[in-house]
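To start, the structure under review is shown below, and the notes come after it.
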């Protein structure tokens, strides 16, 4: 991937982000905060790379620690979001 | 730009699909009906991203990683199960600090082992772009971490919500921020460890200093802002690793944080910069509260309230921050059920910044099984107060204050508010008279003829009314 | 640009297109039709490449013809859109 | 995939910027206030795309190109200046056919000179991907061309709007479409000229055959559909040329056409496939119109209408296709001005598919200087008819037909309609009694007690009412 491709992807993603977030209904803004929290833990990808590379032990341990932290966030974030969303119900008729 | 060895096409495709799953996750939140499916898309996306990364790496350390994920996952899962819904603001802050810290750790690991990330030449010299992105990423991560920790402590009550005003703080903060940027610029030329660690340390310190002077109640804006920053930091890391999933996520999270901060500031009619500059909110109410209490006002009992509501055709319930403090949502729902059983129409009116975080009240009402089609946004219900017999305000104050419409000198002037005063009767549930609320100002409504004050804890008062209705 | 980059750009553009078109106010759907007409003439880029390459005369002439047609569309499309949009006015008070 | 030699970074950046300008162009259309700026962004984007392409090519043929642009530009400009606003549907169809033809020409040029496009190896053998994209692009372009030409002729009245039903047309069309696809598949293996030109010829023919059986009034859906296809074709060419501006544009145009078709079909409560299958619309009215005329109805004069409207507090004007036919928009605006001068509130109600293309009525009213804040969409005004003293329906029929709400056997059942019958008085301006309209069905409203029919040409009738008001 060359720089311009990445830049294009980034710019278009910003447009998508803008529209997609504005279309979130205000009643779900709290779940929005928790789910963005969860997905921003995608930096776990970086943590995994560090944790799986054996060459530099210090880096490996830092990576493992980052994996733990990110995992707390991923599992916690999605689970708490699921718990919240399960509560939003329509009137049963 | 130095090109790293391109990953195989299927890997890049997998990361793209993960990114699209994240878009669909947020897209699902456009309505409660689709939101659960959205959340599942988020999980699928994360599974794809993690799975792909695991498959393409050497699997030497797979065991350790599995254990790390299991530990972290178990902790996260446990917290998510146990947390009370009223503690959501703290929880978001806490989770948020973890993202920040993880970003710092990843940055540090990349600094120590750049070859594993493919961001250095064979001699171990890190590429220019990567140094820049790494420096910025670590600094933002560290600020996010220490800032979120303070936010957590303030929101959780472990630390006073009062703004703590260090003298000459603006000069100090700007000085440190400037030093960080200068050091990052220098780091692009010289990758010595002392620079890297000094940047990290200074960033931790400035995150602390920046958030300390901001009042506890402004924390939601702060958290959103930090959320936004961390999104951009993730995107920067995505540039380095040429990872589409990270770039898309970064842009989504960055936009989300920025837009939520904007929505909050707009709904509070405050300038973003004035929020960030600090010194507002907290427990400022105490002083202001004393002044106005000698005006006459009407006190009511739970019995009076029950009687009024039983006679009504339309009751609009206006919950606010006090509902969360008192955990009164279940009692209120019970109250509404009894009224509905007697043929009264009950609706809920939610101000965009009622409570302490966006959507706060909606979550609490949903927890108490209030159907979301009885819950209305400000614009949709404001015209109905004129038709309502009773506006039942529980734990809300600022969001009902008519001074926002009339009094140019009021700190909340210009903020859109709920027109509760147009209802035939207004019932206010709170614990004391006077301006005890986020903005710390008095509310003229307390003293009006059609207002009845129901002093007491929100939950207890709602339960007593329920007793009188039964 | 590798294929995946292009694909990413395309997929994200579809998201952007979806959101941006839904956010067009129905009162402006006719200008929307004429402006999409104009911008879809961006294929003029291909026409120009053909018209400027001297090697194959037939291709050159086809390219020139395509340039003419696309130019009708570009100038006509933007001009008629501008003419329409100029008519949408608020009440003067 | 074979990689073509990468263009310099600044060129790719320029195309990206052009693409972003196109996004901003459509984004501007979210409100009339920002729309003009949006259109300028579109022009800037096109200038960037064209300029960049000119700069990076050999400039041997620059003169010819300049002349070609000048000729095309002058023609386009001239047409855009002269065209009547009522002729917009035809104009869009005509412009559309040009895009299709240009795509065919570009495809043919690329086929003849693939090296110039960088899509062939030194031996002149075109790459697999490019053959596929080229074949599909030319086929879609040709279908767009011949289909749009038919649409133009039908809309412009050069050809009867009646659906022309060739026997066994579905079999025939599917056969040809299948042959085209099969030939394109073969083309990827063998790039002989006969295959290329046969695909082109068949595609022209099938475009013709596909659109011929569709009634004139369904043409807007057809045009949108073809628009969408041509967007995807542009995107395919963008893949071949690795051109971001084309890819973004293709996705925008593709979405736009698809969404507009969807909106039209939904607002007409018709299935997209049934529109495309053809046989509906046209002048089907003639037969149905005769049946019901023996029911009693009230005829009014311009004088009666003027009197009723002068007495009213709120008049809602409902324009339809007949307004465009009669070019009555200026007279209606004058009428509204006189009423407003007498203190009557005047509003316009626009049904999403009033007229013959989306937003048709809005453009006509804007042309007559009606401020857009007096013009309301269906959802926003439907509740107001109950408060209105007069609903003045001019040239509209189907969009007011209550059968859509009540009569399950009606062809328009389920389509949302304007509740004009709730107004105290309904005035209908049209030239004849009976079901003369797009759907060709009678309208129960004509025969109701609170309805007065004003038979005559829309423009003449409006002018007469103006005279009586003066």
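Every chain is named by a letter (A, B, C and D) in the order it is written, and numbering of its residues begins at 1.
To be clear about the criterion, a contact is a pair of C-beta atoms (placed from the backbone, for glycine too) under 8 Å apart; a residue touches a chain by one contact, two chains touch by 3 or more.
As the structure is a prediction and not an experimental result, all values here were calculated from the model.
Q: Using the touch rule from the top, work out which pair, C-D or A-D, shares more C-beta pairs.
A: Between the chain pairs C-D and A-D, C-D carries more contacts.
Q: If you average the CA atoms of chain B and of chain D, how many Å lie between those two points?
A: Each chain's C-alpha centroid was found; their separation is 45 Å.
Q: How far is the middle of chain C from the middle of chain D, if each middle is the mean of its Cα atoms, in Å?
A: 16
Q: Report, in whole Å, the distance between the mean C-alpha point of chain A and the mean C-alpha point of chain C.
A: Spacing between the chain centres: roughly 36 Å.
Q: Approximately how many whole Å separate the CA-defined centres of chain A and chain D?
A: Whole-Å distance between the two chain centres: 41.
Q: Indicate the residues of chain D shared as contacts by at least two other chains.
A: Residue numbers touching two or more other chains: 6, 12, 19, 23, 244, 248.
Q: Check each residue of chain A and list the ones that touch at least two other chains.
A: Within chain A, residues 1-4, 6, 8-9, 12-13, 15-16, 20, 23 contact more than one other chain.
Q: Viewed as a graph of touching chains, is the assembly arranged as a line, ring, star, complete set, or other?
A: Drawn as a graph, the chains match no named shape, so other.
Q: Residue numbers of chain B touching chain C in their complex, please.
A: It comes out as residues 6, 9, 12-13, 16, 19-20, 23, 244, 248.
Q: With touch defined as at the start, can you tell me which chain A residues reach chain D in the complex?
A: 2-4, 7-8, 11-12, 15
Q: Show me the residue ranges of chain A that touch chain C in the complex, using the header's touch definition.
A: 1-2, 4-6, 8-9, 12-13, 15-16, 19-20, 23
Q: Name, in rising order, each residue of chain A that touches chain B in their complex.
A: Within the complex, chain A contacts chain B at residues 1-3, 6, 9-10, 13-14, 16-18, 20-56, 58-60, 62-92.
Q: Please output the residues of chain B touching chain A within their complex, sorted ascending.
A: 1, 3, 6, 12, 18-19, 22-23, 25-27, 29-33, 35-36, 38-39, 42-43, 45-46, 49-50, 53-54, 57-62, 64-65, 68-77, 79-81, 83, 85, 88, 91-92, 95-96, 98-99, 101-103, 105-106, 108-110, 112-113, 115-117, 223-224, 227, 230-231, 234-235, 237-239, 241-257, 259-260, 263, 350, 352, 357-360, 362-363, 366-367, 369, 371-375, 377
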